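Given below, in the form of structure tokens, are the structures.
What follows is chain A paired twice: with chain B in the first complex and chain C in the second.
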Partner chain A sequence: MVRLYFRFLGLHLRALLEYQSDFWVMAAATVLIQVVNLVFLSAVFARIPTLRGWSFWAVVAMFALMAIAEGVGSFFFEGTWRLSESINQGSLDYALVRPYPVVLQVTSAEIGINGLTNIITGGAMLATALAHLDVRWSVGLVLLAVVLPVCAVMIKVSVNLATNSISFWLAGPSPLFAMAVHQVGELARYPLSIFPTALKATLGLVVPFAFITTFPLGFLLGTGSSPWLGLLTPLVAAYCVALALVAFSRGLRRYESAGN
Partner chain B sequence: MALVEARQLTKVFRRPDKPPGLAGALRHLATRRYVEKVAVDHVDLSIEAGEAVAYVGPNGAGKSTTVKLLSGILQPTSGEVRIGGLVPQDDRMAVAHRIGVLFGQRTQLWWDLPVADSLAVLRDLYGVDEGTYRKRLKRFDEVLGLDDLMAVTGRKLSLGQRMRADLAAALVHGPEVVYLDEPTIGLDLSVKDRVREFFRELRDEGTTVMLTSHDLADIEGFCRRLVIIDEGRIVFDGDLEAVKDEFARDRILHVHTETRVDPDRVRAVLPGAVVAAGESPLWHSIRFDRFAITAGQAVAAVTGIAAVVDFRIDEPGIEDVIRRVYSGELRLAAETDAETDSEPDVEGSGEPDAVVTAP
Partner chain C sequence: MRGYRALARISAKNALTYRLEFAFALFGVLFQFVALLAVWRVLLADSTTGTGFTWPQMRGYLLVAFASGAVVGLFADFRMSFRIRSGLVALDLIKPVRYQEARFAEVLGGVWIEVLVVLLVGGVTVLVAGAPTWPGGAELALFTASMVLLIPLKFLVVYLCGLASFWTQNYVGVQWARIAIVNLFSGALVPLAYLPGWLASVAAWSPFAGMTSTPGLILIGRATGAQAAFLVAVQLGWVVVLWFGAKLLWRTAVRQLTVNGG
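So, the complex of A and B:
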């Protein structure tokens, strides 16, 4: 099943690589965005020593985690964003009669090449940040440092899938709601404590993007008001995945195809 | 139990009732109104293994919707489908290996890939072993001329090429049941012939085929069973030949005589026949019931009045029958036992426009 998934992705990668100049422009653009982010952050931290207790490198690690989560989302699961279009045009018909999970056929229907550069720059940022941060590494913490980014990816990808699945109910041709939620996700690159209560509740509970950044790092660094929350991350990730899959399969039952 | 079983299958679509134009769209935002459309209405259908069935009806009759319900793409509003005992909507993976679907209006080939690559992906998806795959491709090539298309990218295929490649794509896993939804739409005649030949081979190999079409030439010579759907309901399900015997019983004799013939004299010797003037004064068209009057009798009757120079006989095809069903002229009873080969009764047959009910 996994092998087939990569086979599907590979099909798009091949088509994509035919436009090589496009590839390099996209790659350069995503790197540039991350550089701009870092310049902005260092400008902010030049005036203040910490952001509610979070150091410069801690926030860089948050940016990195979000970049990795988004990168994996767009490199491996970009098809999610085309779901509303498929529903609108009724082009899921053949996917529904093939012996392969429909949800995976949907998510593998596209490859976002900028995801690759996001993963690489995010990975580099995370490694650098962790090297600068004061973490007392133990076997457990190392294990956790591996598990937490995986959970981060699961949360981001699931929220994408769940919000895009709403298109089964709202018949519009573009995933406006999902895009709006994605934008909200950008805020989660900053420590949760700088936001007003309503936004805290939103990012902590409703769309739990804080479990991509603030909570896992809080546990790793012992920063924030309740670092233990970070331990809930795997549970939150599992919950998000389950919720997204339920939303998708419920939605699929409403799929109406299109008349000829 | 039959291989494909539909019981009381119903699909109701809810469509927004939008008045036309921007103003209408805005009004829809404020007050949402919906109209319900029954696309498939309590359809009972069972198809035995190895059976070839033609499923015909006018545009919008519910043909495609039925196929989508039978293949598990759509969720029925009520009723259920079973394929080999499995519900396709619930056992998607298991059923997928057993069915093949072709929508003539939609391709399943990858747009950016050569046909060969698209087929190879499907081979891996269905887990077809290399030997079987090669054997199938060879057969597809023989009838569909597939080899010429293998290197062509999906987007560059002409409609006819695309349909041939899509047929191969739908059958690459050797399905037991094949639904072909408008498989000849938009094709030119030579390709149509090839594709039809392929259907016949498929049928002869014992594949269960349900062919949906509004081109009736697809059907003749392909299947024995005909199902007619109109406005979501099955209006006829029975033997194709029986339908022709029952409802296409009129023949028309076009006769060219040496001298002018008084139509009334013909009417006198051929009771029940409709005599009309032909394309020239010396031509007449005589419409008669072939079970009441034989063609020989009709010709002999004219010969008794004037010397016959030439004649030809037109036999209406299934097209005529179905056209009359569509236009509401004919009411066929939706009885599954209509396919009995009973001798059609001769009584009350002269009037073609009458409302006829099958026994």
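So, the complex of A and C:
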């Protein structure tokens, strides 16, 4: 089942690489965005040592985690963003008659090449940041440094799927609601403690993007008011994945094609 | 002239019909505004150096950055890029209006809605965080002039990027690159004074400075008198240069066009 998934993605990748200049435009744009982020952060931190206890490299690591999470979402699950269109057009019919899980057909229906460059630049930023940060590494901590980011990525991907599944109810041709939630990620790249209470609650509970950046990193670095919250990341990830799958299958039961 | 007025009217009606799309398109800029407000509030509270911005100044400045991000929204350039890539631009070419002027008319048609959104967000910010500093007399006039110039300036930057669609199928990449560059060089993310010296002077002389830095600094009183007038003159200069530069580029660009079928 997994092998087939990657074959779908491979097909889209081959199609995409036919347009080489487009690939380079996209790659250059995503790298440029991260460079601008780094210039912005270094300009800010030139004046001030820490942002509510978070150092320059800690915030770079947060930006990196968000880039990786969004990158995995684009590279492996870009089709999620096409769901509303295929509901609206009725082209989800094709997926229903094929002997392969519908949700996997949907998420593999497209590949976002920007995801690849985001994963690479995000990975490089995260590695550099962790090398500069004072982490007392132990076997357990190394293990968690692998598990927590993986869970963080799962949270982003399943929030994408859950919010896009709303399209089964809204039925518009473009995933406006999901886009709006995606934009909330803009806030989650900063330490949660700088925001007013209402936003903290939103990012911690309603759209748990704080579990992509602030909480897992807070645990690894021992920063923030309650670092132990980072240990909840796997639970939150499991909850989000379950919620997304339930939302999708509930929605799929409502699907009644578009007629002719 | 009547043709342009009709285009402006249609574009406003478009924005009002698809108001959800229109509102959601502004979400990215809005969240960036909220994030930057939160970051700078903490930074300026913890900062000990007296040379930087004060918190009320920064609020006013970031509001200008938000306004700059909100006007001439995503609607205009996605539509233009789509029509070029799909070949629908052929229909624009046979209309008895000039292409660049027609696109500008469409932008002007929708701009008042965006201005209303900016005023709303500005009003909420003032209610929540208190009134920003406000310049008097000559500076107020210069600020207004700078904000008015912001509209053709941003239109031209967006339009020039839109012309890239004649060469690449991938407009999203071009748009992302544009937003990143404008964010940095206009001072929308961080005031130019905070950037390293060489980068700050490159940015200050670039056309992008007029898209946040110039009106922002005049609003909060960090550019006054002759200096403010000079900054607005530079902004005006760039509008003129880019307007005619875009016309030149259009002549080359339109030769790239191949429309298949009919």
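Side notes on the structure shown:
In the analysis below, the second predicted complex is superposed on the first by the 260 of 260 C-alpha atoms of A that agree within 3 Å, B and C clash if a C-alpha of one lies under 4 Å from a C-alpha of the other, contacts with A are read in each partner's own complex, and residues count from 1 in each chain.
FYI, contacts are C-beta pairs under 8 Å (C-beta built on N, C-alpha and C of every residue); 3 or more make two chains touch, one makes a residue touch a chain.
Just so you know, these numbers come straight off a predicted model, no measurement behind them.
In this superposed model built on chain A, chain B and chain C occupy separate space and fit side by side.
Looking at the shared chain after the overlay, A:L11 reaches chain B, while chain C stays out of its contact range. When the two structures are aligned on the shared chain, A:Y255 is found in touch with chain B, with no touch to chain C.
When the two structures are aligned on the shared chain, A:L245 is found in touch with neither chain B nor chain C. Taking the C-alpha centre of chain A as the vertex, the lines to the centres of chain B and chain C open to an angle of 100 degrees, rounded to the nearest 10. When the two structures are aligned on the shared chain, A:R98 is found in touch with chain B, with no touch to chain C.
In the superposed model, A:M179 lies in contact with chain C only, and not with chain B. In the superposition on chain A, contact of A:V150 is made with neither chain B nor chain C.
Once the two structures are overlaid, the count of chain A residues touched is higher for C than for its counterpart among chain B and chain C. Once both complexes are placed on a shared chain A, the shortest Cα to Cα gap between chain B and chain C comes to 7 Å. Contacts from chain A toward chain C in the complex involve residues 19, 21-23, 25-26, 28-30, 32-33, 35-36, 39-40, 43-44, 46-48, 51-52, 114, 172, 174, 176, 179-180, 183-184, 186-187, 189-190, 194-196, 199. Interface of chain C with chain A (complex): residues 20-21, 24, 27-28, 30-32, 34-35, 38-39, 41-43, 46-47, 49, 52, 167-170, 172-174, 176-177, 180-181, 183-184, 189-190, 194-196, 199.
Partner chain A is touched in their complex by these residues of chain B: 13, 59-60, 64, 68, 71-75, 89, 92-94, 96-97, 99, 101, 103, 105-106, 108, 110, 112-113, 117, 121, 124-126, 182. Of all residues in chain A, only 4, 7-8, 11-12, 14-15, 91-94, 96-100, 102, 253-257, 259-260 touch chain B in the complex they form.
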